[in-house]
Amino acid sequence: MIKLEQHLKNNHNRLLNNSVDNDTFLTMTNEAIKEFITARAPEAIYDESGEWLNMIVEPHQLKPIAAALLGQPMQMDFLFCLTCVDYKTHLTMVYHLTASTNRSLNLVLKVNLDRANPIIETVCELWRTAEFHEREVFEMFGVQFANHPDLRRLILEDEPATAGDEKKESGHEPKGYWPLRKDFEDPINMIKL
Amino acid sequence: MLSLESITKTTQDWLLAKFDPTIALAIECVIVIVLCITLFAILGLVLVLLERKVAARIQIRLGPNRVGPGGIFQTAADTLKLIMKEGLTPDSADKFLFNLAPFVVMMVAMLLLAPIAFARNFQIWDINIGVLYISSISSLSVIGILMAGWASNNKYSLLGAMRSGAQIVSYELSAGFAVLTIVVLTGSLQISDIVAAQENGWWLFKGHIPVIIAFVLYIIAVTAETNRAPFDLAEAESELTAGFHTEYSGMKFALFFLAEYINIFIVCAIGATLFLGGWMPLHIGHWESFNHIMDYIPSSIWFMGKTFFLIFVIMWFRWTFPRLRVDQLLNLEWKYLLPISLFNLLLVTVIAIMGWHF
Amino acid sequence: MYNETEIIKDTTNLGPEGELVVNMGPQHPATHGVLHLVVTLNGETIKKIEPHLGYIHRSIEKMCESLTYRQFIYVTSRMDYLSSHINNTACALLVEKGMQIEVPERAKVVRTILNELTRIASHELWIGAMAMDLGAFTPFFYAFREREMITDIMEDTCGARLTMNYIVPGGLMYDIHPDFQTKVKAFIQQFKEKVTEYEDLVTGNIIFQSRTKGVGVLTTEDAISYGCTGPVARASGVRCDMRKIAPYDAYDRVEFEEIIETAGDSFARYIVRVKEMNQSIRIIEQLIDNIPEGEFVGKTKNVLKLAKGEFYQRVETARGELGVYIVSEGATTPYRIKFRSPGFSNLSVLNHIAKGSKIGDLMATMGTLDLVIPDIDR
Amino acid sequence: MFLKDYISDVVNGVSSLLKGMRKTGYYFTHSKEIITEQYPDNRATLKLADRFKGEVVMPHDENNEHTCTGCTACELACPNGTIKIITKFDISPEGKKKKAIDAFIYRLEMCTLCNLCITACPSDAIKMVPNFEHSVFDRSKLTKILNKPGSKIKEGIE
């Protein structure tokens, strides 16, 4: 019971602190964010045409930038969507970020990956929700997440034996094995127009 | 008036007149066994139907209403189905113990029937340590459950059996203490003496508040002992699918199911005997005419009425409360029921010694 | 008779000593669907929970890539089938946002009422199922009695009880039923009378309280880090109600409270949902007499084509924040669609909060996370 | 003080349990609260909502005429490929060729009852009806031809 009371107290304190913190970055504009990112990743590309600020960074920059966004003053502690898009020429990882204390501040972080050998650093330690989402992206798109604690299939059935052999020979998963990639052909897709 | 007492008496007289006493005893034994099995079958059918009807009424449903008028043959149809089903034995189960377990549970339930007084002078075996016999035999059923859980070679079954073991062993205590309060007041372990002591009023009314507390404790403890909700941790449908009888099917499952209901009947019968005067009619002080009318109702009706009232209360519990967690279950016993019943026993002893009861 | 080798045939796969690996599901009474949890136990204590998903995976995201913007809405009803209206609303809102379709006021208000009714229906079902997980069977029937009134209203107006497909880009598929308002009012009356029953039977019950209080505690930090939303996060003190943060439809003109609890345990999650039902009733009461007259669907083109670009719409379902992310290449079908389902993130927290507790606690924790498996698998 | 807490714990617990038992006891003794519907028995009085989406039908009038032009708008609108329209060319009395439907094939087993075909139809030739007893022993019986044999298109519908 003591443990629970402690929790209650901590949560209360946190709620109070949040309300104080709010003022410091409520005024954070897109320009300020851009400045913040450019200081860390000069070659980042920005796109403001959509609803939220989009930016594309290099794969090796992702982890440091993500860590910086999570820390002060941005506190982008809420990763509400993590997905991947197959653009046929390349894969794009998309991270939708927001701050739990200021949900009007949204940011879309994108990373373009090589389609033949997609590999990227995991963001599991920063946002633990990424663990499941990255496992989903791994099985659906074949993106390898380096340093992921438990990179296994989550939704699809376990790897068939033949796929394992093919993997051993060629060093990567057989072609067309990732269902959400555009070149995946499902032989029994009855609704395909 | 045709009563069960006169029937037994006539039968015995006739048998003794016709046969040698040993053979007469043997014939009586056979008659008793047949009657017991019949009672079991009927009780099983009636109690299962009753449970389903009570559940339905509480849950604003109609309940079984298709087989026979008002669904009264529903359980008979279910039994037929269970008899015809294949009795599967899992490949990796310990086959001997697996098949033995339901019979152990069933036999324990049957043995308990012996000292129960169903009506005035209508009792199979009026043993002088009746209450002790009941509490010792009833704790044997845990062996059958443990056997079933272990022999199934199923993790859910094993967990359910282990829970059941811990539960029955601990709740045996407070059930025993609750029974002891009446033994202290009566001064006898014999069932017929206990009933006779309630001639001028049931213990529940005569024994002040301590007996009422003992009664409540008894009901809680036996609910736990028969693995009924809210203490049905051994089965715990949402946690362990079906607990110790997950792997059982067909008639072997039916035996577990039947034993559960027979056990409820027996503990309620004992509760009725100890606290509600068994087959004794309700007598109130000096209202002679009222007492006379009450005497007119046959003693077997009184007994069954009281028993079924207690059964209804236990069913009412089941359909109202959520299930306890395993550690809370043991907490309830060791931190609440046991201290209260110990203290209560002390109080009753004082009352009995000082003669403060009515 | 007894022979050890006869019972345990395969001794190679027993795992470390003191561990018992139990497969809970895919067929298990408490997983409410086909969730498969591999639970590692030490006696009754849980050491690890590993969810295995995908038993009802239909690849809705891939399916939607070959469906037009009118067609793909019906598929989303099959994701979180208990809040199908809200899923449909999310998709409709996204298409409206992408094409700048003007939605008539009437449609907006009706959508809001239907969304709140859906939320109540979902929470009613949840209360029943949750009580059933904890071993109380009866509240299930009482909860379903009220839920039945809502499904009747839905049947009248939308023509279906569970997967309505009533909301289309631009408004509604057809106008509300003439009896809609009277029926909703009758429901509100009945609900207010009967909601005290849950207090008596469930909330106040000492067994229920001891089963849920202090069980499965989720701290605020963890709730945010694990991406929890909806009642699960609000019970841990996170403000995450999309109806407040980014109001859609008619939510900006109604008054309601965002229910926040700080305990973060199963009981807090329960209380949040019960109070949320009352807030939903409050929203409906404000709107039901003020449904504006007029068109029920805005003017749309026959063939819907989203502009090239990316669109994201967030709505608050009964389980949390549903995000729909569409990458459009300017065609009649989405290029890539991603559903950020609330259940998926809420499930990921299960191992963290149920570790170290008893099996019975797992049922309470899992019950209060309110998992709907098709929503998780998609 | 420990004893006081202990006793109040017990009393509160028991009273909360009794409250719940009172509620269930109330329902046990009040049979008018029962809400069971005896479905196959009450079929005569069973009334479904008029809008209930149970099945797609094609209404025909007394002259065995429908209003379907065979424009395949519903076929295109259907997300599952439930509808298949086979067209033919009728020769009108004036000797002009006219497009008409030969068979309107509707596969109920694939239909999700989403109502998109009804909204897509320009001539209101099909509609949803509240039939819900669809179970059959043979799956192929669920594939239906909606236009009645010998039916033809109503005059004046283009």
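Note that the chains are named A, B, C and D in the order they appear, and that numbering of residues resets to 1 at the start of each chain.
The rule we apply is simple: a contact is a pair of C-beta atoms (placed from the backbone, for glycine too) under 8 Å apart; a residue touches a chain by one contact, two chains touch by 3 or more.
Only a predicted model underlies this, so the values are computations on that prediction, with no experimental measurement involved.
The chain with its CA mean position farthest from that of subunit D is B. Counting C-beta pairs in contact across B-D and across A-C gives the higher total for A-C. The distance from the centre of subunit B to the centre of subunit D, each centre being the mean of the chain's C-alpha atoms, comes to 51 Å. Subunit A and subunit C have CA centres that are 23 Å apart. As a whole-number value, the distance joining the C-alpha centres of subunit B and subunit C reads 44 Å. Computed centre separation for the pair subunit A/subunit D is 42 angstrom, with centres defined by C-alpha atoms. Each of residues 58-61, 319-321 in subunit B touches at least two other chains.
Of all residues in subunit C, those touching 2 or more other chains are 67, 138, 145, 201, 205, 207, listed in ascending order.
Shown for subunit D are the residues that touch two or more other chains, namely 17, 20, 23-24, 35, 79. By the touch criterion stated above, subunit C contacts subunit D in their complex at residues 67, 70-72, 74-75, 138, 145, 148, 152, 155-160, 163, 165, 168, 173-174, 177, 197, 200-201, 204-207. Across the interface of their complex, subunit B is touched by residues 1-2, 6-9, 20-22, 28-30, 41, 44, 131-138, 140-142, 145, 201-202, 205, 207-208, 210-211, 358-363 of subunit C.
Those residues of subunit D whose C-beta lies close enough to touch subunit B in the complex are 10, 17, 20-21, 23-25, 27-28, 31, 33-36, 38.
Residues 54, 57-62, 316-317, 319-321, 336, 340 of subunit B are the ones touching subunit D in the complex.
By the touch criterion stated above, subunit C contacts subunit A in their complex at residues 51-54, 57, 59, 61-63, 66-67, 213-214, 217, 219-222, 224-227, 229, 236-240, 245-246, 262-265, 309-312, 314, 321, 323, 325, 327, 335-336, 338, 340, 344-345, 347-348, 352, 377.
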